[in-house]
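In what follows, subunit A forms one complex with subunit B and a second complex with subunit C.
Entry: the complex of A and B
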């Protein structure tokens, strides 16, 4: 938004007078904030005693929300820049498989496997962007093609090399690696052990982990999610580049006339989306120790849904990273919360559809208020 | 704006009503069954019927949960969620040992009893600390099927795999190849799950490899379209056709001679027995000493009536 560019002068005759209440209403995050409050109140009422708000339960929906957040930040910035990336889900599967093939099959050190995979993925993101810019085709179609291409490779490569579609054993080769814990580790272990020792959180009752706290730390996944949200928010609202993103998505031609390097902005955003997908994949592979050909199915839509719930417009030029993060939080809490509330799991999609519809209706209403169209 | 929010609130409150009913009726033990199957896999309907019947008979509450897209990493989160909710027991498949062992071990360590059903092996079940394994060892079932086909004179085959992302299902093809004592090679076809796609891929494979002796399908998802494909190219009843699992169309095809045999892993038992075993374990402390093999059982045209009556429901 252009709020940051506002001059410090108290009143500027070029800026329309607007009441503070109305200003608050037209923030893109508004839908996300309302939604978050509604969702939490709802589950506090229906599922409070189900374990959803004990340490394990909170960790469960936080991790799921963090996963959505990581891909939503990338998708959000790209959508504000006016483009889509439907290859995110396939990219997640592909990146995970690349790490597995490099580290397990080819015996590379894990840090090298991770860095190489990041380079490959970001290059594919750049290729996506380059094709969209050069051909002028809708990004919807170009990235749809990559959805199939990447998924195909993710199934074909391990099938050909290892004769199976899940490659395991990454946890073993990642032992002692310096880069792996940055994606798959946990922090604040000592603090949680202290909480467990002092009876503030429950500890395991039996087995080899008896006495350890049920939640042994904050997973790096959550740290990554928060870092990316903060980075995305600052980039979007506090920098020149952020204004370029809005401009490129709002009206690309007009932006070019005023000297915004629209092509560069869009390609960089495709690369950033690929980077986010790769972070997601690496964290998943390092946590679970295996890569499977089915990882990340439909994640591209989940990312887009989170962004839309968070108030971004599908047409570009409008949206917020904080909104997308709240959208991801709502999505994660609803998804896991329905399980806690004991709802038949096949109804999940019904809830998802209703949620999406309500969010879009709300956001359309907000947009009409801004543009004044009826 | 406010009106809209009000409406939102009303809608959510309405949506909440059936939920309250669902959570409030807990009387007996609470169990959760977690599967790896996507929503689209109809085979799991039998499992749902199995736990519903067992729950009713034993007076316990059993919930069914699955990752909507079949993503195993999402399944791990569901097991973590179930652990946090603290039921008396969790019954789960072990579709990917690397991914699921952590969450399952955590569940066991927090005092929840676990039974592994359907996919996985007895060894893996022991390693994660589960009470027992109930299911059909996949490779062995494939091997038995392969040996049977070899005795019937089969030398080459096509394996239609609709779940290529799932390694345990692929073991059936490998077992079948080993039973036939032929190399698996390119005989395994990644068919996808869309019926017309499966059908066309099978048709294409058979016209490219007309000397294929036998077809093995891995479940109704691949078997039903394959039956249609064979009827279309005239090879129905001509080619040797075996399948895993049963369903309406498969039973019909066995009856009409299109399918030579179906391997029933008896999913009903995989769902029903863990609930019964677990309730008795929790009430009286009794537990069978062994794992339970629910299959394989070969279903042929003889004695098909009972199977036909319950196919897709309890068979």
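Entry: the complex of A and C
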């Protein structure tokens, strides 16, 4: 087709030309990007001298943000596929407790305890998905039931077996295990030692750790978070399966009519969410050396808030993993930043609520511009 | 369009019962390549049930479906799609939140391999989408434009172009014009005409006689689960069609009181 043949339809007087800058700006992550900038500017101004931006401070909020990111990636993909999982928090508590019971009470090798726990949790995720697909009930209700079921077991099992609700001693049994450091270890220790030796970061001056850098490496938790974000982002935007995730959440029936295996996509996303919860739980158990029955409380909502701040639509079919990761970063920075800034910690919730509201209003506006919703 | 060549689909005495309800009571129909076959009927006449048996959603209780001369038993819509029978539903054609190119290739994503992994080939998808849309006379701002920003007529056109691109031999359109304005309807009808000229059989379901007469080659009227017969273009007047659809005399009375505006 030649240029002249196209010219009658080449322009529509009702379509406004968009500048490149505006086009680059109008993206699902915009709310998350703005929020991140605002939050960092705010804390750079109010808490710069408090140690929030020295190596220890950075590590502090990075670890907290990484925790949020791990569960936000799962929640994000599931939400885009059109479903919720409210059992994430209970799953975290349950998975941690399973690892503790298997490794400490039953004396299994830690690697076996971890792998078995992953299998159990991913199966529960699949069960969640299967029930949602088979009954056609809202996932909100089905996973709410599992929120209680799993939390109940998490309290009941250690009380019955060990007569307490916290099981410790995992650090001891994890010594020398090959799988445990993949969740609880740190990497780049040599690099940080080198930085310390060359005076690029501070080192301890006294005590048993004298000479060691204040930050001894990158915790595996952060590595997991970054890997999951990259994996989730590529899966969603660059693969065939990613297109199916959008389609399943956007309009399941329309997707089925063109041959998208919607049920399989949704069940797999429930399983992936359970996997993320399990990664979180394992890293937490390895870090603390114990499992508690109250671990992971309210985490499902924190994950959903991070995802929504990141621009995802609660009803599915729209969202971004990068946005969700930024939402998690905002979350972690605010939670730890208020502590550094010396603000009463209960104000965290106020701040969070306001942030959620502002982000959602901005995101709704952006999304309408992109998708032409009215 | 006469039967100088073999029909692509023959539906013989199709019956469909839902429990005690007889939705179709023996409907027969032939569809030829390159014709636009209009299926008319009032609400509840069985049009939707009939096309759903053709597209594999429902299995007929009785009767035979022959596709390109062979008896066919579609287990689900995917069988029909892979045989070359594509259906465009009125409001379930597209996902508004997704981009045009993501919608276009939904379920048929092109992939390229990198480092042993397969990735969605966006460059290919985008260029094909843009050129197919240009052929249909739709000017996109870009392939990443969301379908939600298109008009209803444009969405139908994208869905039709998608079905044609993926090798449909029979295109079933379920009331594509019923929710559209005048200009958009004209665009969709023009699209149907283009598709027919590519030797694809079009089954056009509508209850608007004027839309049917604008593009139809043959007209079949369904009423209460039965065919009232098939007419060739030029053998039937709009009034006759209208009467057949509504079951005759009641409409005559109504028409009298409405001054012939229906």
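Descriptive notes on the structure:
Following the convention adopted for this analysis, the second predicted complex is superposed on the first by the 344 of 374 C-alpha atoms of A that agree within 3 Å, B and C clash if a C-alpha of one lies under 4 Å from a C-alpha of the other, contacts with A are read in each partner's own complex, and residues count from 1 in each chain.
We adopt the following convention: a contact is a pair of C-beta atoms (placed from the backbone, for glycine too) under 8 Å apart; a residue touches a chain by one contact, two chains touch by 3 or more.
This one's a predicted model, so the numbers in the text were calculated from it and none came from an experiment.
In the superposed model, A:258 makes contact with subunit C only, not with subunit B. In the superposition on chain A, contact is made by A:318 with subunit C only, not with subunit B.
Judged by the touch definition given at the top, the superposed model places A:242 against subunit C, while subunit B stays out of reach. In the superposition on chain A, A:36 makes contact with neither subunit B nor subunit C.
Applying the stated contact rule after C-alpha superposition, one finds that A:139 touches neither subunit B nor subunit C.
The partner of subunit A that touches more of its residues, comparing subunit B with subunit C, is B. After overlaying the two complexes on the shared chain, residue contacts for A:282 are found with neither subunit B nor subunit C. Within the complex, the subunit A residues that touch subunit B are 25, 34, 38, 42, 45-47, 50-52, 54, 56-57, 59-61, 63-64, 155, 159, 163-166, 168-171, 202, 204-210, 214, 284, 288-290, 292-298, 336, 339-346, 348-349, 351, 354, 358, 361-362, 365.
Of all the residues in subunit C, the ones that touch subunit A in their complex are 77-78, 81, 87, 89, 92-98, 102, 105-109, 111, 118-120, 122, 134-135, 137-139, 141, 146, 148-150.
Taken together, the subunit B residues at the contact with subunit A in this complex read 1, 4-5, 8-9, 11-12, 15-16, 19-20, 22-23, 39, 63-66, 68-73, 76-78, 80-86, 96-99, 102, 105-106, 108-111, 129, 164-167, 170, 184, 190. If you check the complex, the residues on subunit A that touch subunit C are 1, 6, 9-12, 15, 18, 234, 237-240, 242-243, 246-247, 250-251, 253-260, 313, 317-318, 370-373.
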